[in-house]
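Both of the next two complexes hold chain A, though its partner changes from chain B to chain C.
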Partner chain A sequence: MIAVLFGLARWRWLLPLTWALAIWWALITDPNLIQGRFLNAAVQGAQVVMFLAPATAVAGVLAGATMRANTRRVLTGVPPQMLLMAGVCAVHTLICVSALTLCAVMIGLIEHAAGADGWQLIALAGLTVAGSSAVGQALGRALPEVVAAPVALLGSYVVLAFPRSFGDPLWLRHLAFVDSCCNSPDQVSPRVLAAIATLASATVAAALLTTLRGRRRAPGLLAAAVALGLAWNLSTSLVDDLDWSPATPRAGQTRCEPSGHGEVCVWPENTAALPDLAAAWATLQATAQKHGLDLPTTVSERAQGQVVYGDGHISLTPQISADVIPELLATGALPAIDPCVIGGTMDSRIDNAWLTLARWWLTTSGYSPSRNLLEPPYEYLDVPPDQLDARLQTLIDAIRTCDASNLP
Partner chain B sequence: MTGWLRARRAGWCTVVAVALALTAGLAAGRLPSLNLLYRTSEGAPFRLVLPALVSTAILTALISPTPRADFTSSRNAGRDLAIAGVLAIASMVSAETIPLVLNDADAPGTFTRNLLGFLGIGLIVRVVIPASLAPLLPLAWMIPTLTLAPPEGTLIAWPLLIDASDPRGIVAAATLLAVGLTTEYTRTRRAPQRAH
Partner chain C sequence: MLESFDWVVPSGRTALLGPNGAGKSTLLAIGASGLRPRGGHVAIDSVTWPSRRGVRSYRAHVGWMPQQNEFAPHLTVRENVELAAWLKAVPVQQRRSAVGEALEQANLSGRSDDVARRLSGGQQRRLCFAQAIVHRPTVLLLDEPTVGLDPAQREGLRAVLAGVEGADIVISTHQVDDIDEAFDTVVVLHQGRIRFQGSTEQFLGLVEPGDRRGERAYLALAPDVNA
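Presenting the complex of A and B:
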C-alpha cells in the first residue's frame, strides 16, 4: 500500500524537485533578514512553499487522474478513494515538509541562527502544501488532465502570491503564509497561525469530501461547502484587525548575566555578546556610581510593548561589533529625549545636554564616542571636580523633565 | 483531418488561445504579484504575462492521444508545427492589432515576443518530459520570473522586459524558439520506441 501511495504521489520527481528548490532558495535568501534568529530563518525558509505548492498541485493532478483511470478499469478491489487521496496527501506533505525543514535548517546554519521557535511555520507550510495536493487530486479526478494541470499550477500560485500584493483588504495577506516577520522584540501572532491552519485544514477536508460518490455525493459536496465557508469566516475574523506584519510581542525569557550591581539581559540569539556587554556595563556603572548618577542598573532587550527608551532598553543584532557596545549601553541607559519632542520640535539645549552627558560618560569610562554622538557646542562639564556631580545631575534632571531653563 | 484535430482538442485550444490573446490586447494595467526577493507587489503588465497562458493552450493542442502511432504515420510530419504556427499567428494577430485599432498600444510587440519564446520553451521540454506536461513549462517559467526577478526584467527574466525592441528579449525569445523548433523537428524523426 505504501509503495502504491508513493507511486501515485510521483515521489520520484517530486522529491528531487522540492529538495532542489529548497536548497536553491536557502542559497539565495537575503541574509540580512535572519538577524541570527531561527524564527526568521523559518519565515524565509517557509516562503519556498510558493514554488512547492504549485509543483505539488501538479503531482496531485497526476495522482487524481491515475486514480480516476484505475477506478474505471478495475471496478472491484480498489481501496476507498478518500483513503487513497488522504494517503497521497500525506506523502506529498511528508516530501514537502522534509524540503521545507531542509531549507529552514540550511538558512539557519548559514546565518548562525539560534533559538527553537519557528517550527510551527514549517508545519503550517506543510499544511498549505497538503491543501494544494488535495485540490490538485480533486481537479485531476474531475477534469481532463490537460485542463486540470495548468489550472492547479496557476491556481495554487495565484492563491499564495496575489493576496499578498493587495493593500486593501490588508488582512487577506495573512491567510496564506507569513512573509514579513519578525523584528527582535516580536514573534508571529498565534492568530495568524490559527487562521492559516484552519483554512488549509478545511481545504484538505473539502477536497477529500468531493471524492464521495452515489448517495453520499450531494451531502459530501454540501459538507465541503459548509466547511470552507465556516473556515473562511473564522480565519478572516482572526486576522481582520492585524497590521501589515503579523507580529505580536515576543514571549519567552531573555538570557541575563550579572554585571556590577545590576545585570545585562539579551534575547537568546544575542547570547554570544553577553560577556562583552557585561564587562562594558560594569565599567559604565562604576563611573555612574562614582559620580552618584541616578541611572538604571539593569539594561535589557525587551518585547514589543515593554520598550521604554531611556529605561535601560537596548536592541542588538548578532552582527554587533565589540567597539559599539559601550555606546549602545550608555545611550540605552540615559534618559530618553523623545518625550521632549513637542509638535515635531525640541529645544536644542536638551539635545546638547544629552550629547554632553553621553560623551562624558563614555570618555570618563575609557571608551571613545562614535561620530554619531556629535560634540556639543560648549564645555558644560569642564568644571572643577567638586562642581561636576551637581552639573551632571542638572543635565539628567533637565532631560527627564524636558525643562531647559537651567541649561546653557 | 477533422478527427485528427478533434483528438488534439484543437477547437477548444483555439478558442482559449484567441480569447486570452484578445484579453491581452484589451487589458490595460498590471497583474499584481508578490516579488519575494525585491519586496515589491507591482507585478507585470497583463500583456507580458498572458502569453504564458496562450502558449499553454497552443502546446496543449499538440498533445497526441496516440503518440506511438503518430511516429509511425507518414502523414503527420509537420502537422504539429503547422497547428502550432496557425494558432500562434491567430493569437498574435488578435493581441497586437486591437491596441493598434484602439490606438492605445501598451508595450506593442511584447505579446508576440513572449509568445514565441514561451512556445520555444514548451517545444524544447517536450523531448525530456511527458508531452502532456510540456504545456505547463511556460507557466512554470513565469512563476519564478514574477516572484524573484527584477521587475524591469533581465536576460534570464526576458518576459518582463517592457520594451519589445530590447535586444536581450529578442535574443532570448528567438534563441528559445529556434532551439524549440529544431528540437521538435529532430524529435519527430526519432525511432518510434523513443516516443513518450
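Presenting the complex of A and C:
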C-alpha cells in the first residue's frame, strides 16, 4: 500500500521537482543572513516552502482527481476516505520535508553553520505542506482538474508569499512562515511557531473533514468551518502584537571557558573561537588586575533583553579573525558610553576617555588597536607612573557616571 | 425506481436482465452500498446495510464492478488492485497473496507491472474485475461487465468470470444472447419489479428452440420493451 500511496501522491515528478527547488533555493540564499547559526540556515531553507507548497497542492489535486474518478470504489471502501487523504498527505509531507531538510542542510554546510536549533521550522514547513496537499486533494475531489489545479497552485502561493509584502497589518506575515530572523541574541518566537502550527493543523483537519459523506457531510463541513475559524482567531491573537520581527530573546545556554579569574561565554555556534577568546581575555584581565581596575572578569554573549553594553557583553560574528578578538573583548568589557548620549550629544571628554582606556588596555597587554579605535586628540594619561592607576580608575568612573567634571 | 422490492439473491450465478432504465444498476449499487436506499435494508447473512455498525463488515463481503471503469490510470495494474485490497480492508499479511490471486484470476499476471492506462479495453475491464474480487467477496455484483468490448474481449472476460468460485454472482446485462448454461438463474427486472426468476432452462423454455432464443424469451416476458 505504501507504493500505492506514493503513486497516488505523484512522487515520480514531485520528488525531483521539490529537490531541484530546494537546491536552487540553497544556492541563491544570501550567505550574510546565516551568521554561522543553523537556526538561520533553517529559517532561510524553510522559506522554499512557498514554492514547495504550490507544487504539492497540484499533486494533491491530481490525487484528489484520481479519487474522484474512483468515487464508487472509494465510497464503498471499508476504511474512512479521510485515511486515504491522510496517507497521501503523509507522503507529500515526507517528500517535502526531505527537500526542506536538504535545503537547510545545504545552506548550513555552505555557510559552516553550527547549532541544533531550527528543526522545528522544518517540521512547521512540513505541516504547511500537509495543509497544501490536503486542500489540493479536497479541491481535486470537488472540481475538475483543469479548474482545481490552477486554483490550488496560485492559491497556495498567494496565501504563503503575499503576506510578506503587506505593510499593514505587519503580523499577517507571521501566519505563513518565518522570515527575517534571527540575530545572535534572538530566536524565533514560540508564539509565531504556535500560530503557524495551529493554522496549518486546522487546515489539514478541515480538508480531511470534507471527505465525510452521507449524514456526516453537513456536520463535517460545519466542524471544518469551526476549526478554521477558531484556528484563525487563536493564531492571530498569538501574533497580533508583533511587529515585522518574529524574534524573541534567545533561550539556551552559552558555552563557557575559564579564563584568568573569570570566564568567556559564547553561543554554541561560536565555540570554535573560545580558545582564542580565553587566551586574549586572560591577558587583558592580567593587565587590568595589575593596575587594580574595576572591570568585569567575565565576558559573555547574551540574549536580547539582557544586553548591557560595556558590562562584559560581547557579540561575535562567525569565523571571527583572531586579530580582532582582543579589541572585541576590551571594548566589550569597558563601560559603555552610549548612556552618556543625552539629547543627541555627548561630552567629547567622555568619548576621549573611553578611547584612551581602550587603546591603553590593548597596547599595555601587547595588542595593537585597530584603525577603528581612533587616537584620542590629547593624552589623558600624561601623569607620573605612581598616579597612573588612580587616573585610569578616574576615567572608568567618569564613563560610568557620565560625569566628565573630574577629567582634565 | 425500486419500490416494495424484496429479493433474495439466488446462490450460484445469476443473470439480471432488463431494458435500460429497469433499475439493474440501481439495484446493484444499493447492493454494493454505493447508493443508500430510502427505506429497507440489504443483508448478507447477519450483516445488514444500512446500519450503524454493519456497513464496514457488509462492504467487506461485497464485490462490485460498476458499469464504468474505475481505476487510477497512472498506477500499475498491481498497484490498482492493491489499492482496491486496501479499500476493502484485506489484512496486510494477506494482501500480497490476495492481489496475486486476483491478478491470476483476471488473467492479468503478465501485465501486473504495466501502467493501467496502457491496457486494452478488455484488459481494463479485467482489471476492474480483479479489483472487485481481490477481497474474496461472498457476493459479487457485476454491472454490464461485457459492455463496450469486442467479441474476442467479451469471450476473454466470460472465460475469466467462469473461473470464479466461492461467491454468489449477479451479472447485469441487456445482452440477452449472453444467457447460456453458464448461469444458474435468470432474473428479469422490468420497471423496478421482478418479472421473472427461474433457472436458465426455465427461462429459455419459455419459447421454442431456435435462433436468438434468449432474446425471444426475454421479449415474451417484457413485450413492451420496444414500445
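By our rule, the second predicted complex is superposed on the first by the 399 of 408 C-alpha atoms of A that agree within 3 Å, B and C clash if a C-alpha of one lies under 4 Å from a C-alpha of the other, contacts with A are read in each partner's own complex, and residues count from 1 in each chain.
Here is the rule we use: contacts are C-beta pairs under 8 Å (C-beta built on N, C-alpha and C of every residue); 3 or more make two chains touch, one makes a residue touch a chain.
Predicted, not measured: the structure shown is a model, and the values here were computed from it.
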**Message:** Going by the contact rule set out at the top, does A:214 touch chain B (first), chain C (second), both, or neither?
**Reply:** second
**Request:** Examine A:165 and indicate which partner it touches, taking first as chain B and second as chain C; both and neither are also allowed.
**Result:** first
**Request:** Could you look at A:69 and tell me whether it touches chain B, chain C, both or neither (first, second, both, neither)?
**Result:** second
**Message:** Contact-wise, after the overlay, does A:371 reach chain B, chain C, both or neither (first, second, both, neither)?
**Reply:** neither
**Request:** Considering only the touch criterion stated at the top, classify A:150 as touching first (chain B), second (chain C), both, or neither.
**Result:** first
**Prompt:** Now for A:3: first (chain B), second (chain C), both, or neither, which partner does it touch?
**Reply:** second
**Item:** Touch list for chain A against partner chain C, complex
**Value:** 1, 3-4, 7-8, 10, 66, 69-79, 84, 214
**Item:** For the chain A and chain B complex, residues of the former touching the latter
**Value:** 28, 30, 47, 50-51, 54, 58, 145-146, 149-150, 153-154, 157, 161-162, 164-167, 179
**Message:** Applying the document's contact rule, which stretches of chain C touch chain A when the two form their complex?
**Reply:** 29, 32-34, 36, 56, 59-60, 62, 64, 66, 70-72, 74-76, 79, 82-89, 92, 95, 131
**Message:** Per the contact definition, I'd like the list of chain B residues that touch chain A in the complex.
**Reply:** 9, 32-34, 36-37, 41, 43, 53, 56, 60, 63, 132-133, 135-136, 139-140, 143-144, 146-148
